[in-house]
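Before any comments, here is the structure.
Note that the chains take the letters A, B and C in the order they are written out, and that residue 1 is the start of every chain.
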Amino acid sequence: MRWTVIWDYREALWSGLQLTVEITLLSIAGALLLGALLGCLRQVPGYFLGRAVLAYVEVIRNIPSVVKVFFLYFVVGLDALPAAVIGLSLHQSGYISDVLDAGFRSIPREQSEAAWACGHNRLQIFIFVLLPQVWAIVLPALASQLIEIVKNSAAAMLLGIKELTFQTQNIDVETFRGFEAATVVTLIYLGLALGIAAIMTMLERRIEWR
Amino acid sequence: MAVRGSAFGPVEPTATDRWLWRAAVVATLLAGLVLLRHERWEVVMASGPFLLKSLGISWLLTLAAIGIGLPAGILLALLRTGGPTPLKQIAVGVIEVVRATPQLMVIFWVFFAMPALTGHKVPAWTAAIISLSLIAASYLAEVMRAGIISVPRIQIESGLATGMTRTQILSSIVLPQALRNMVPALIATLIMMFKITSLIYVVGITDFFRAVILINNREFEPIALYTTLAVGYFVCCWLLSLLVRWLDPKYVLAH
Amino acid sequence: MTKQVSRRRAIGAAGAVMAATGISAARAQAQSAAQACADTLAKVKAAGTLLAGVRNDFPPIGSIDTGGKPVGFGPDLAEAFAKKLGVKVEFVPTTSRTRIPLLQNGSIDCEFGITTPTIEREKTVDFSIPYVWDAVAIIIKDGASRKVAEYAPPKKVATTQGSYIIDLFKQHIANPEIVLFQEYPDAVQALKNGKVDGVGVNRASSVAYVRKGSGLQMSEDMVRDPWAIMLRPNDSNWRNWINLTLQELWKDGTYKALWEKHMGEAPDFYMFSPYMLQPGIK
């Protein structure tokens, strides 16, 4: 095994890492926005809206992320990076809305009832009582969802985006040192996951005002 | 129909609500059919047998992965909950590393590692099954760990008190209950693995995903074919998720 | 109690079946490795079957029909070879990544694909004489310029990851912007959607994409490109027989008939050399 080959490819791996981080950050933003929107919509008392969001989440959840990304690129005709980011955001938004929904449900209903008794309406209860608390509750589950986004970013390589997994394959194709490349890149992905977990833990500690 | 809950309390749908919703679903499906009627669906029909066969290959890979991954996962879970410290750390390491790595990367790693470690080039099927089993084993290890922990400790203590060996306790008391408690989670992992088999595309095996792409290569009907691809996956996974929800209405699928 | 016991047995049986499926599927591949031996000709005659590697992603050299059966020039030629030997033919799908491993572990006896006999590959496998002379060009949209050099940035060209066409692009285009896909169908679909301006591909396989009415055409040739039948190393008997049969099929017209059937025109090359077959071919 020749590990020095990896050092020769450090620039390629660095640019791959940059692309992976770019895709991940954009997808995290999209997934959080969309997932939060859906999670909040599910709390609206109307029957239709709730069922519609549930149906959307079911459809999104039961189709593999690769299929969604391919659909967006080859059928809808988006460019590679938008297709990957939108596909990943759509995919993860379903799960994030689930997480938020569980978070909302775990807030004791006495609080909403007490606020209701004090004369606040539903919207005020939502914004001032439920929303601030739910973020603290869901942070751990949210961390694992964000790590899922990092993992799913590898699917972007199938569209020709030269991110980390693509670079691994490239190293193998050019030098037959795929094992060394794959091991190193796996460690890089681990680093990314640990980084996200660390950031989330830091956020958790800052929000500890309960 | 389960009563939906929200933060504001249970939502009771009336009969009109339910019928309106069903009408909306039917209307959406009809709209989809109308919009797509100009696509060349005869291509999909003609390739039907081939598509079904490749769908079967996807399922075969899934079942093989679970078949090997479940015993491996149980072993890892046991090592993690009660093994000697060095083995426990290795088990934790394997589980956490595989769960934090992109599945595509795991497939590549196994595909590269096997020839590097054994000195021989490895056929695609072997690499595919090993990598899928590895992924399945790490997720199932976490599922089984939850299952093992969910068995009340008092049962283990009673077993020890009556003179059973640890192996007997494991096989007759802990594992059967753990497996039974975790059936919804196990099926959920099955659904997850089925979706992951779509990544086997890179290794060259003709699973459902690759089959659709091959047919598109010849016929150039992306809309009809990729829609069939999405619908195919949706139907398989959704039916299974209904099974999970029937078994355990409160289960939340996290992957 | 009996219900639990029988249910436990059922679960145990199901689990054993699933595990056995997994292990046997993996082992079936490993077992064929044990059969790889140095005298393929004798082995094929004894087994009564020729294991022919064919592509299923490269029409018209090799693809699959709607029933999933391999069709194309490669499979047809393999059948002609098997008929000469008096054995059945069994097709094994190969890809650029799996063709050498499958040959080395005995899953195939020969590969009728699109493998260029490069010096690099000679280190691990052996080749017959070139059995197809092809060319590499770029698939472009109808009406676009046919000159290869004009596909410099901002135009994008595509091919598959790991293909030697990447090097050809770099030789014929100044600072090319190359987009790499995993498979050719993805690259051609990207061309049709306007994401890339050209797909570098072998002329033989472009026949399927550049049909009348597809809106695509071929640029000028970048380079001529031989393909050879890939064989296990150090097996002179087998290689000699393959070379001999190839030229016999050329001489009796089978090769040309198959070529015209799949390519739509006569081959513009000769077998063994541009002037004559190997001396001694009857």
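Basically, contacts are C-beta pairs under 8 Å (C-beta built on N, C-alpha and C of every residue); 3 or more make two chains touch, one makes a residue touch a chain.
This one's a predicted model, so the numbers in the text were calculated from it and none came from an experiment.
Peer 1: Mean of the CA atoms for each chain, then the mean for all of them together: which chain is nearest?
Peer 2: B
Peer 1: Which chain has its C-alpha centroid at the greatest distance from the C-alpha centroid of chain A?
Peer 2: Looking at centroid distances, C is the chain farthest away.
Peer 1: Calculate how many whole Å lie between the centre of chain A and the centre of chain C, each centre taken as the average of the chain's C-alpha atoms.
Peer 2: So the centre of chain A lies 39 Å away from the centre of chain C.
Peer 1: Measuring centre to centre with CA averages, how many angstrom lie between chain A and chain B?
Peer 2: Roughly 19 Å, centre to centre.
Peer 1: Based only on mean CA positions, could you tell me how far chain B sits from chain C in angstrom?
Peer 2: Computed from C-alpha means, the inter-chain centre distance equals 33 Å.
Peer 1: For chain A, give me the residues that contact two or more of the other chains.
Peer 2: As it turns out, chain A has residues touching two or more other chains at 74, 157-158, 169.
Peer 1: In chain B, what residues contact two or more other chains?
Peer 2: Correct list: 115, 201-202, 222.
Peer 1: For chain C, write out the residues touching at least two other chains, lowest number first.
Peer 2: Answer for chain C, listing residues that touch two or more other chains: 182, 186, 189.
Peer 1: How about chain A: which of its residues touch chain B in the complex?
Peer 2: Residues 1, 42-45, 47-48, 50-52, 55, 58-59, 61-68, 70-71, 74-75, 95, 98, 102, 104-105, 107, 109, 112, 122, 125-126, 130, 141, 144, 147-148, 150-155, 157-158, 164-165, 168-169, 172, 178-179, 181-183, 185-186, 189-190, 193-194 of chain A touch chain B in their complex.
Peer 1: Quick one: which bits of chain B touch chain A in the complex? Just the residue numbers, please.
Peer 2: Residues 4-9, 11, 13-14, 17, 20-21, 24-25, 97, 100-106, 108-109, 111-113, 115-117, 191, 195-196, 198-199, 201-202, 209, 222-223, 226-227, 229-230, 233-234, 236-238, 241, 252-255.
Peer 1: In their complex, what parts of chain A are in touch with chain C?
Peer 2: 73-74, 77, 79-80, 157-160, 162, 166, 169-170, 173-174
Peer 1: In their complex, what parts of chain C are in touch with chain A?
Peer 2: 158, 161-162, 179-182, 186, 189-190, 193-195
Peer 1: In the complex of these two chains, what residues of chain B are touching chain C?
Peer 2: Per the touch definition, chain B meets chain C at residues 46-47, 49-50, 53-54, 60, 63-68, 70-71, 115, 120-126, 129-130, 133, 176, 179, 201-204, 206, 213-218, 220, 222.
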